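Okay, so chain A shows up in both of these, paired with chain B first and chain C after.
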Partner chain A sequence: MGYSLNPDQTAELLNRLAEDYRIYAPKRFPKQGRYSDTDIIRYDRIQTPDEIVWDQKSDYPAKEVISPIQQALFYFTEDEYRESKKAKKPVLLLARPCDITAQLVQEKIYAENGGFKDLYYDRVHNKVKFAVMDCGGGDDTCFCVSMGSNKPENYSLAFKFDENGLKAEVSDDCFADYFDGMPEDDFTPEFVEENELKVTIPDLSDRDVRLALKSHPMWKEFDKRCISCGSCTVACSTCTCFTTRDICYGDNPEVGERRRVTASCQVAGFDQMAGQREIRSTAGDRMRYKILHKFHDHKARFGDRHMCVGCGRCTHMCPEFISISATVNKMADAVDEIKASLADGGNHVE
Partner chain B sequence: MSNNNPLQPIPCEILNVKKESTHEWTFRVASDADVDHGQFMQLSIPKVGEVPISVSGQGDGWLDFTIRSVGKVTNVIFEKEAGDTLFLRGPYGHGWPVDEFKGKHLVVITGGTGLAPVRSMVNLCADNPKTVKDLTLISGFKNEDGIVFQNELDKWKEHDHFSTTYALDNDEKEGWSTGLVTTFVKDIPFDTFGDDYAVVVVGPPIMMKFTGLELLKNGVPEEKIWMSFERKMSCAIGKCGHCRIDETYVCLDGPVFPYTKARYLVD
Partner chain C sequence: MNHDIDVKKMRINCFRQSKVPGEFMLQMRAPGGMVDAKYLSSIEHISKTWGDGNFHFGTRQTFDIPGIKYENIDAVNEYIENYITEVDEELCDVDMDKVAGEPQEWDVKSGYPTIGARNITACVGNYHCICGNMNTYELARKIEPIIFPSHYHIKINISGCPNDCNKAHMCDFGIIGTAKMEYHPERCIACGACVRNCEHGATRVLSLNEDTGRVEKDPCCCVGCGECVRACPAGAWTRSEKKLYKIIIGGRTGRQTPRAGKMFLNWASEDVVLNVLRNWQKFSAWVMDYKPEYLHGGHLIDRAGYKKFKEIILDGVELNPECLVAEDIFWHETEYRSNFNVKPLSMHHTAGPQGE
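Here is the complex of A and B:
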């Protein structure tokens, strides 16, 4: 069922929804951006329609609502671990198509991998309903179509905001009542069919090709360019890695908490064990590890899709202007080169 | 307390502490956990952190963990004594395919504390002589200070169906050899084993790499070789990503891998 709402009706709809849901959407935080006078847009709880940023891509992904940058796992006293409490009210998350598709990756890892269900992910994820927001085609770093993430399936509502209010489609009946008395209209969501930016993902199914790619000189370039800051993975819609950290509360050394904190494979020390040397010790090694995870390893394990939705946030956030799409296209060229050389003589490219 | 939380640590009492060497101690902890040989558990101390440690021994109501004091958590564990509490969760991962080794000639090659993850399986073979046809054990240590499980090394030496080579990398020691474990691979009587054997290798990454290559050089097919990996871990349940190599999660798919897989993993 479709609706067309003016600004007052849009505000009324959000009020009705807010009675039962905590509503999260992209929101502007003035002057917190990378440069002194820029804003930052990230997902946060909203109360009114004018807080929602619908005409610009957020700097940070929607995953933060479900798997926050940091959270308490356990509280402890001297001899007991007590699980942290969960929030009770369900969440309505207004997110872009890529962000919703990215949840499929999060789900594979947090809810399925190894047959273990992560309680902290599950207890939030279970309470989340998605409203997909029309993105108007994204920006010049987007390549969602190449990654097949432009048409999400798992959403309850579809919203298209503009200056005149909101067009909406209700695909999950449990939301029908909130639209009671609102003007009906024909509306079906449209999704991006083509991005300016296109990415070629090379076929890496051959082990020898993969092994040759791992020692290809293209990764060395990043030793000079990438500063291993990890901004790209924090901004990433799909990255799931974290570290566990125990902390004591300052004034009482007997009590504290075990906390989960976002971690980045791009930052030094990610693979380092106590008393041992780091395994991937250069920025190039770390970049190779990340790119192969996103464009080969994840899909090789789980079978259905790559671990990148083409949101372009990593490109957007990188202080060194390293572009993920350019990197993947460069990798595709390297793979062509490797395949050609394996075909005529079998000598690996060094 | 919730029982559907795989990250929930369980308090367990330390039964005793045995000093193997200056930096390697074995903690015996009360636990009824059902552990396969070669699996590991997460040990933790509230307010300090968690570490993955392989189970180095097991018996009725207890588990052994041989720990090296090299970091924040292990240093605090070293302050604990019998009667104190350690928190455990697990066991995790895949251990040694003992059923596949049964009835065969088993070769075990270890470097340093790499002996810990195979110790319970070697003891199984020692205590139940019918488990394997015979066992060839090559254990190398950096120097005399690094030797662990001295009593058991002595005991295993006496077993009829065990053939043991103990070595220090550079130093001399009575009754011991000198040299890296790789140098003793060529002395293993593979030609008398027919097709009926398996080789287990555990130690530092470099040692495993070169031992693997040396085995291949001596005609051992890669399908007969098994290795146990150690990697950085935080969750042990396939979520945190720290242990991942290619499409493989060491905490889930390992720590024990067939060499057919281990050989091609690139960190």
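Here is the complex of A and C:
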């Protein structure tokens, strides 16, 4: 069922929904950007429709609502512990198609990897309903169509905001009552069919090609350009890596909490092991790891789709202007070169 | 040619004497060093029509046009009416019919009425720069009507951040844009990027507490530069919305006692900066017994003594709660001549009203 709401009716709808849901959406934080007098847009709890930023991509991803940057997992006192309390009220998350598709990847890692379901993820995730927001085609860093994330399936509501209010489609009956008395309209969501930016992912099924790619000089570029800050992975819609920290209260080591904290494969020390050994000790190595993880390894392991959803937030947030799409295209060129060289008698590219 | 020219009068009119007899260089104000690029064609026109065809970037960000013959100065002054009106009157809201706050009608065809309050210089600031904490030229445009036109000398340099590219430390009244940084521990991933950036590029006030996974700060020594904000991948550091400023006073170059300025105010609000500057004329007038001399602000502070300066300049100024004030200032000058300062009492300068 479709509806067309004016601004007052939109506010009324949110009021009704807020009785039963905590509503999260992209919200503007004025002057909190990396540079002076720039804003950031990130997901946060909203109360009124004018807080929702629907005409611009958020700087940080929707995943923060479900798996926040930091969270207390449990509290301990001597030999006892107690789980952190879970929020009772369900969440309605207004997110873009790429954000919603990204949740399939998050779910895969947190709930379906290695036969273990992450309790702290699961108990939040189970309480989330999605409203897909029309993105108007995104911006020049978006390549969701190339990554097949432009048409999500798992959503309860579809919203299209504009200056005149909201067009909505209810696809999950449990939301029907909230629209009682609202003007009906034959709205159905449309998803972006083509991005300005297109990415071709090279075929890496050949082990020899992968081995040659690993030592290809293309990665050395990032030793100089990448500052290993991790902005890309914090902004990534699909990255799930975290570390845990036990924090003791005051000077008493018997009392404290265990926290989950976002980690980044791009930050030096991420893969440091006992004896101080690091597997990927240069920025180029770390970039290669990330790119291959997003555009080969994940799919090779789970089979369904590449990890990257093409939301472009890593490109958008990189302070050094490293573009993930340009990097994938460079990798595609390197792979062509490697394949030609292998076909030409197997001379390994150095 | 007949060289009967009052060069001091020409200087007040912003025409500076050339080593070539009868030639002058015009200095056009550009507050904050920022004007519409359309004026470049006016500069070109003046240079090609009345100057020697060259242009120099003035050291105080004025448009300098050398080689203007004395007999052409009236024509040049007539031509620059439009520039002065648009840039100073309209853009900066300057009252051209006052000098140091006293009514004095401006003859629109006569060019600049005073040279005392020098052009306010500024780096490009956050209009462009990734380090800047503030819009420098907008502040310059707010200050311009407070100090200009006036025969009292003041050189103001504005830097958008404590990197101080525009050398707030080397002028009478330097302004440095800062912010109090706010830490959002719930967004911190404890990567240490801010700690490293602060150590590398600022005052090493941050440390990562491994026991808590939080970054700790020594707020006393924080310069408010924002390097932590720039470094953070997760938005765990943000600039406070309120713009704050460091005021550096008494810096100067010169043939006698050059010195870097010292901090007078830290974490001052924009209102405080503007209100302090509103007292500048009063302070200058008092020191020089109400007779403007060709003497810059740093020297005036020396003559009055810092405590007297502080008393007059803060008169009636309501400080914002964060604002800190130097109780004293410990100057560190380069003495080109040893014991330069030790001389007969009769040679000492005076400060304040001298009576009859």
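Following the convention adopted for this analysis, the second predicted complex is superposed on the first by the 345 of 350 C-alpha atoms of A that agree within 3 Å, B and C clash if a C-alpha of one lies under 4 Å from a C-alpha of the other, contacts with A are read in each partner's own complex, and residues count from 1 in each chain.
Keep this in mind: a residue touches a chain if its C-beta (ideal position, glycine included) is under 8 Å from a C-beta of that chain, and two chains touch if they have at least 3 such contacts.
These numbers come from a predicted model, not from an experiment.
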Tell me which partner touches more residues of chain A in the superposed arrangement, chain B or chain C.
B
Looking at the overlay, does A:C229 come into contact with chain B only (first), chain C only (second), both, or neither?
second
Touched partner set for A:I279, first chain B, second chain C, both or neither:
first
Contacts for A:R245 in the overlay, against chain B (first) and chain C (second): which applies, first, second, both or neither?
both
Quick one: is A:T262 in contact with chain B, with chain C, with both, or with neither? Answer first, second, both or neither.
second
State whether A:L211 touches chain B only (first), chain C only (second), both chains, or neither.
first
Dual-contact residues of chain A (chain B, chain C) 245, 247-248, 263
Could you please specify the touching residues of chain C with respect to chain A in the complex?
126, 130, 132-135, 160, 177, 179, 185-191, 193, 211-213, 226, 229-236, 238-239, 241
Chain C partner, complex, touching residues on chain A are 29-32, 34-37, 40, 42, 59-60, 68-70, 229-231, 233-235, 245, 247-248, 259, 261-264, 267, 317, 319
What residues of chain A sit close enough to touch chain B in their complex?
73-74, 76-83, 109-110, 113-114, 116-119, 121, 207, 211, 214, 240-248, 253, 256, 258, 263, 265, 270-276, 279-280, 289, 292-293, 296-298, 300-301
State the interface residues of chain B toward chain A in the complex, per the touch definition above.
1-2, 4-9, 11, 46-51, 68, 70-74, 85, 87, 230-232, 234-235, 237-242, 244, 246-249, 251-252, 264, 266-267
